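Could you have a look at this structure, given as structure tokens, before my questions?
When the chains are written out, they are named A, B and C in that same order, and each has its own residue count from 1.
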Amino acid sequence: MLTLTTDFGLGDHFVGVMKGVILRINPRARIVDLSHEVSAYDTGEAAFLLAQAYRYFPKKTVHVAVVDPGVGSARRPILVEAAGQYFVGPDNGVFSMILERENHTVRAITAERYFLKPVSNTFHGRDIFAPVGAHLSKGLAPAKLGKRIDDFLRPASHKPVRTARRGWTGAILKIDRFGNLITNFHVDDFPFIQSRPFEMQVGLRMVTRLVSHYAECGPGETFVIAGSSGYLEVSASQASAAKILGCGVGAPVELREF
Amino acid sequence: MLTLTTDFGLGDHFVGVMKGVILRINPRARIVDLSHEVSAYDTGEAAFLLAQAYRYFPKKTVHVAVVDPGVGSARRPILVEAAGQYFVGPDNGVFSMILERENHTVRAITAERYFLKPVSNTFHGRDIFAPVGAHLSKGLAPAKLGKRIDDFLRPASHKPVRTARRGWTGAILKIDRFGNLITNFHVDDFPFIQSRPFEMQVGLRMVTRLVSHYAECGPGETFVIAGSSGYLEVSASQASAAKILGCGVGAPVELREF
Amino acid sequence: MLTLTTDFGLGDHFVGVMKGVILRINPRARIVDLSHEVSAYDTGEAAFLLAQAYRYFPKKTVHVAVVDPGVGSARRPILVEAAGQYFVGPDNGVFSMILERENHTVRAITAERYFLKPVSNTFHGRDIFAPVGAHLSKGLAPAKLGKRIDDFLRPASHKPVRTARRGWTGAILKIDRFGNLITNFHVDDFPFIQSRPFEMQVGLRMVTRLVSHYAECGPGETFVIAGSSGYLEVSASQASAAKILGCGVGAPVELREF
């Protein structure tokens, strides 16, 4: 089993070529597209997607991530082992939310005999990450790919910061297709929200209502809901909260408890 | 064999997560994407897509449809058995065109032991529909999922209405990527169109020409053609009839015979 | 193994239906989407995509291409055998870049017993190309499909033309998702660019710098780079060269050596 996460879109030949490379090495590989619509060069968005998805896949799944603005430069290809699964991609933050959450081993991938030659300077998805992922999916031992390293890119924390006795500042992590604003407040870390009055400020709007499902409110009303990933989301019933509030990824979110 | 139809788009982790859930239950499942680009919350569009596609799939195929504005509310998850295939999704009209056309058995899905726990209130695609579909694809007997019901949502008719001795009022069911306007006039129900003069009014335009293939007319000319689904379509050669006529889904279509 | 390349998009039922047809004939077929986002009716774009991708697939792969503005008219369905692989689609130029590059045998597909009946006039992807591709993937001998022909559509050359002793006029073949302008100058045919001063004019801009990887320049700077397909590309670091230069597919590119 092998998943792909890239910013290649579906209009070019890049994704198809990676699949061809994988299937030539391992004709029995099961390939699942996580997403190829990651915004161009946005390693943070790729990190979020992977972190929401990996736990639903079987042990030994190989996740290949290619959002790689530094392709061809000195940044290293890495293999992360975590949660019984493998993560293959550039050392640029694409695995940061998994590294923050799981025990992990990181290797620099240096074993060129598993690469597609000649290795280009512009498409390591084809020449390095796809073939390495395919070999792993066939059972190659991680140690064959390169040595363990400790100087990989350390993840910045994705958690909200306490800014008052009963106040925290967080951020919008992601806006989904429906316009839901997914914050970095995890419901497990802020359980009071279920039982006590609160205020969540996003843009100019103060949201004070927590609902349990989307259809509970009238159309267009904004509310907070515990999303399927465990993060609090600011949503609107059958409408885009992102449009209503005029907010984007990275916008600050203030939470206050009463 | 298992197909997926959703309004999730391909930019989020939702579709990948559903596939992970399915493959963990049934690693040998063949998953085919029908479409994930259904307009958000548009159960009618999902109903149309499924109705055009199911008959081309093998017996016992499981079709999972997740266009589900009422997720988490009282609307029930259902299993429809029709045409030797299975249809799994919310009881909100997504299967209405199949129910109208085929003999069917409908069950309310209540057997929680096949769900992914804890069941969220916002992502039943992951927690109910994907795992239930996966178990069906492994051979689970439908009766294990829940009791037969009769009070499911009845489909509204999708057929044109006779409004004069030789006149009918129908509607645009769907606009495809090429801008073809797919009407609800089925060529089998209106055979005179092949041999007798007719007028089809869409928007402000009167179309009177029937052609047998797209390249028969000059660029930009509008005409009627029997589409690949059997419905009459208003089309233009290598141009978007939808743009030329300024019409959208649901717009009325008048057909008159002479 | 079977790949699909179409201009159907992912919002309609067309692609899903083709996959259903294929899997009913060959339930063990591995289907890979090359792209369904080819611009509507753009056989040149499909030709480019296929030519960049086929060599990465295993021998005997069947490539099905359906970009087919003439569907239902007199244009013939063809089977091309080249590079140990099969190419199935309309005789309208979709395989032109492969025919230009590889030794080939071309057959007109006439064996109606492998078609899905009744054959529509609007969806040969479903009725001819998908079933024929599926039968080939199961091992059907090409000769069973029809006779060899010589009067297929001859490809126009995709190569630059010499217009001065040290000057050539080429064109933009394709713009990828990142806004890179892929020219028809192949690095193997213009090796001097690696070692000697040159000017490449695209739109109003003169580009004189060759870099080896994208991150070598500051943001927004334009440069020439040998792309992963071997063609010279005009690119900008983490920005769209297409937007900066205001150029589209087909725009002329002048190369001068000093």
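Just so we're on the same page, contacts are C-beta pairs under 8 Å (C-beta built on N, C-alpha and C of every residue); 3 or more make two chains touch, one makes a residue touch a chain.
Keep in mind the model is a prediction, meaning the values are calculated, not measured.
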Could you label the chain B-chain C interface same or different, taking same to mean over half of its residue numbers are used by both chains?
different
Roughly how far apart in rotation are chain A and chain C when fitted on CA atoms, stated in degrees to the nearest 5?
120
How far is the middle of chain B from the middle of chain C, if each middle is the mean of its Cα atoms, in Å?
32
Taking each residue of chain C in turn, which ones touch at least two of the other chains?
10
Give the list of chain B residues in touch with chain A in this complex.
7-17, 19-21, 23-24, 27, 40-41, 69-73, 120-123, 126-127
With touch defined as at the start, can you tell me which chain A residues reach chain B in the complex?
1, 3, 10, 30, 32-38, 48-49, 52-53, 56-58, 61, 174, 176-178, 212-216, 225-228, 238
